[in-house]
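Every chain is named by a letter (A, B, C and D) in the order it is written, and numbering of its residues begins at 1.
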Amino acid sequence: MLIQGQASSPRTAETVLQAHWRHLDRRQSGIKGLLLGATILSCGSVLAILGFLSYFALPIFSEGHLAEILSWEWRPFQGKFGILPMAVGSLSLAVTAMGVAYPLGLGICGFAHGLGPRCLKGPLMGLINFMTSIPTVIYGFVSVIFLVPLVRGAFPESTGYSWLTAALTLSLMILPTIVLLVHAQLQQVDARVRLASAALGFSPAQTLLWVMRPLAFRGLWAAAVLGFSRALGDTIIALMVAGNAPQVPNSLLDSIRTLTSHIALVVATDSTSQAYQSIFASGLILFGVSIAVNLTLRRLQSRAALPATGRHD
Amino acid sequence: MGPKKPVDLEPTVLVKSLHVGFAGREVLHNLNAKFNRGWLAVVLGRSGSGKTTFLRALNRLNECFPRSATRGSLKLKLQGEWRDIYRNAMPLPELRRRVGMVFQTPHLLPGSIADNLALPVKLVLGVPRRNIASRVEWALEEAHLWDEVKDRLNAPAHTLSGGQQQRLCLARLLALEPEILLLDEPTASLDFRAALKVEELLLSLKERYTIIAVSHSLSQARRLADEALIFRDGSVVQRLSREDLQAPDTLQALLEEIF
Amino acid sequence: MIKKITYLAQACSWLAVLTTVGMILLFLGFLGVRGFDTINPTLFFGNTPPWGAIIGRLPVWHGIWPACVGTVALVLLSSLLAIPLGLASGIYLAHYASGAWKRWFSLAVEVLAGIPSIVMGLFGFALILSLRKTVAPQANTCLLLSAGCLALLVLPYLILMTQTALEALPDELRQAGLSLGFTPWQNMVHVLLPVAGRGILSGVILAVGRAAEDTAVILLTGVVANSGLPSGILDKYEALPFHIFFLAAEARSDAELAQGFGAALILLILTAALFLGAYYLKSTFTKTWDQKNLSI
Amino acid sequence: MRNSRNGLMAIIFMLVLSLGTAPGAWAQDSQLQRFQNLEGTIDIAGGTAHIPVMKDAAEQIMKANPKIRLTVAGGGSGVGVQKVGEGLVNIGNTGRALTPAEVAKYGLKTFPFAVDGVAVAVNPKNPVGALTSQQVRDIFAGKIKNWQEVGGTSAPIHLFTRDEASGTRETFWKKLLKKGPIDAKANIVASNGAMKMALAQDPQAIGYLGIGFVDQKVKGIKLDGAEPTQENAKNGSYPVTRLLYMNTKGEPQPLVKAFIDYIKGPEGAKIIQKHGFIPTSK
């Protein structure tokens, strides 16, 4: 047999090999340790964030300000630090943005999966993919210059900086998230049923509506949940075009403030005041929502479809 | 370097009451077997009878799959020394080097033909750079591939034909000086002519190694086997000698058993 | 009946597509038309001679050059922090972690991915305040802090993309190396990573794009309206997204507003280029798999 | 100067250092000479009315001496106090006087440098040009909702106000609203600049901002007959006035001191005037 190295006896060769092996083994555990360290660091940052938010929000509980923070009026000069209007603002904005984006998203997915001409699917999905790369601040900027005067012109009672404007802009931002998630799910389903249903004589449109739609319900839910959480987490669009009045809105044309823009607006006030504590409470609420969303998503789908479609603020 | 003289039958693999399960479902039950150096054993059986799992138990590759569990005793004679590989284990990569495996489809590494050989030699054996080329050549010669590829060692490995790829995989094993060869339907993805070449190669190798091959083809087993093991539902139900395999009446029984 | 529903659905889908495409084209068209003319040396360097500005000899006023450099510095620094950590964690999760730990780690990564960027900024701000009160009284909001928070923001994408790219590799590739006696790490470095490389790289580029566009994090962690070129990682800096944000609210003249359009267009070009790069790499990665072609 | 430098920036910075030793601006401007042998960074944040003056001064100083770096951020007076108090910036600007509590808590030293009035302002297209204080109070309290009620055309009034960190808001709220309520429906903008932009865009808007920001893009409202001009603010005939302050934590460092002296000196006065404020030194 050919032996390792050149002129050594088999026994020495064996020793050399074992030394080489011990070296590899040590490196192996070292590397594993390093990788584990990196993972712990990455994942630990979640705990660190939670820890910091909680620590800074702690005085709310220890000083008994909880009831004041969870109240309906934000008037710092009168000592009223309620963030509930902002919570309502966040919720209403996210819900309406979803209300616009979700049907649009479903329509687009339907279009790409049988309702529209096949030749337009490629360009359409290309455009949707491209939309993920448009910076949020650009949506905000164009909206301020373009959409705000438009809304003001159409509705004289509104300043243009309103729930409506923000919801429309935001819906554009979360649209790709919804479309790509549903699209991914439909693709999976499509691969399973296409041949079978074509063999039954269904048209692509019929396949989509009566065969694939019921099978894709997980994706539909996941897209709704994730789109909602993206809308809730947005800061910049709300901050730029929603008007930021700390009130519970009565109409779509009212100015509203979200929890996220509340943080941005108030962050640099006096660090002992309750205004300051209120932003950490807002942060905690947002953090809590993000955990809830993730737990929901976990139930709904495997992780595989997530990374490519995410979008942050 | 030449072929060793076959001593009598030197046992090198002893399997006693082996159980293997995945995620709580047992695939191999109470399996017993013995294999010898210089002896080519063929494992036959329906799909799902646990043939591949058995091979993977021998180089502990089952552990790459989720929630695998192995019980029983599996002893290999490596470097002239008996070891129970699930208890008195040598390091896993070392075991896998000594117990080489060829898969149904050629599992190429990324890169060129030469890379496919050189990378394992360099990483696993730690062979110095200056000795690699000669070892690559030797291994390719062993696998009857050298003449076909010597002019394009740096071409991407996937440009080879299926049969060549499979022989490349064998060459890659041989370069690592294994003692036991596990072949998982090595000719399943090949056409007849390419399959014959691989078989020829196996026959030329069998004197020096312990070879255990899973096969899907009875005729192949008859061409190759010194001994055949028939698997059913995760255990060995029958053991046939070379003579048994050639006999027409066992053949009929076997056809019914397997297919 | 079924025919009618089908037609109705088709009509609705056309409507949705036309609305969306119309809105996007309107948005981008508006930006393009208003921004196109503003792209010239003055946009970048104001009244400063360009060459002097580029080599950093002359401070730039009335131009977006410092913001561009700030954004590039920010992106580089956050990549430097996030990429090694993200790759290592992704590799660990794909090939080393198992069982309950893997589930917990994955949950943490997903939660991290869901944290709004303003909360990440708030974390950075709180971190600095605590540092000042405890170990480092001189700590201040700065480029490094922003980069760190941005790194946290993009980290989950890197981890998930790495993990997904590695887990998408066929088992046979993994077994090939292992059956030859490679150690898991050798198998990773010499076999799996080279093949998954394109997929991972596209993830890295997408992450870089996110770091470049995010505004909310830097808003709270050290970006300022005016600072000139960033002079060090512990200093405050300007950045393109914030500059756009700032001008949208308080452009004092039409010229400043025009600069906002220019800056927005430049940022869009930057992120679009990154996106196209990632898209290209990703499509070649997928194609590689479609052809069962394991070679790189 | 700090030690840790990111590599690229370090190279750029070295270039600046090596090339920037022969700036040409000394001779023209004696006021800038005070910076000649100084170097380092001044971080400025806070009052947004101050921003144009600060940016302009920063430009002059950095052009004359590239070794000095000034960063200017906004945020509002509250931010100014908090950031300078916490030591996050060197100079925290406020558009209102510091409260004794603030001075005591952080040990701040304050440097007023300009007089500014707070003007109630509308879009130039709005026919309304004069209001009484009471009308303004009612408008901001949300009692008057239509321009018709104060002599304008029939259109809803769009209220714009500032965030709570604003010194402009505090001055306006104390001196004009007499601490009366501000409707929660009012849109909130984060700076004087943003207020000006909002008013300039919206013909139905009303808001308030530093008189220094009033130009042809927004129209200052005559308040009880008094024109909102800096002259009137200075001589007392326009009542809603405040000073603009720079604040430091303790005694300012030499570089910061030089900056404050520059702003308060004749060259600074020119800059202050150029941006529509009246220097206190006059």
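Keep this in mind: a contact is a pair of C-beta atoms (placed from the backbone, for glycine too) under 8 Å apart; a residue touches a chain by one contact, two chains touch by 3 or more.
Keep in mind that this is a model prediction, so the values were computed, not measured.
With steps allowed only between chains in touch, the distance from subunit C over to subunit D comes to 1. Of all chains, B has its CA centroid at the greatest distance from the CA centroid of subunit A. In this view the innermost chain, defined by its CA centroid being closest to the centroid of all protein CA atoms, is C. Counting C-beta pairs in contact, the pair that comes out ahead of the other among A-C and A-D is A-C.
Subunit C has its Cα centroid 48 Å from the Cα centroid of subunit B.
For this pair, subunit A with subunit C, the centres built from the Cα atoms lie 14 Å apart.
Chain centres here are Cα averages; for subunit A and subunit D they lie 37 Å apart. Residue positions of subunit A with contacts to 2 or more other chains are 24-25, 271.
Residue numbers of subunit C whose C-beta contacts span two or more other chains: 129, 183, 186, 249.
Listed for subunit B are residues 93-94, each touching two or more other chains. Every residue of subunit C that touches subunit A in the complex is listed here, in rising order: 2, 5-6, 9-10, 12-17, 19-21, 23-24, 26-28, 30-31, 34, 84-86, 88-89, 91-93, 96-97, 104-123, 125-127, 129-130, 152-153, 155-157, 159-161, 164, 183-186, 203, 206, 209-210, 212-217, 219-220, 241-242, 244-245, 247-249, 257, 260-261, 264, 267-268, 271-272, 274-275, 279. If you check the complex, the residues on subunit A that touch subunit C are 24-25, 27-28, 31-32, 34-39, 41-49, 52-53, 55-56, 103-108, 110-111, 115-116, 120, 124, 127, 129-142, 144-146, 172, 175, 203, 205-206, 208-209, 229, 232-236, 240, 260, 263-264, 267, 271, 279-280, 283, 286-287, 290-291, 293-294, 297-298, 303-304, 306-308, 310-313.
If you check the complex, the residues on subunit C that touch subunit B are 98, 171-183, 186, 190-191, 194-195, 293-296. Here subunit B touches subunit C in the complex through residues 59, 61, 64, 66, 93-98, 100-101, 103, 105, 107-111, 119-120, 123-124, 156-158, 172-173, 176, going by the rule given at the top. Across the interface of their complex, subunit A is touched by residues 75-76, 78-79, 81-83, 86, 155-156, 158, 160, 163-165, 173, 179, 184-190, 198, 201-202, 204-205 of subunit D.
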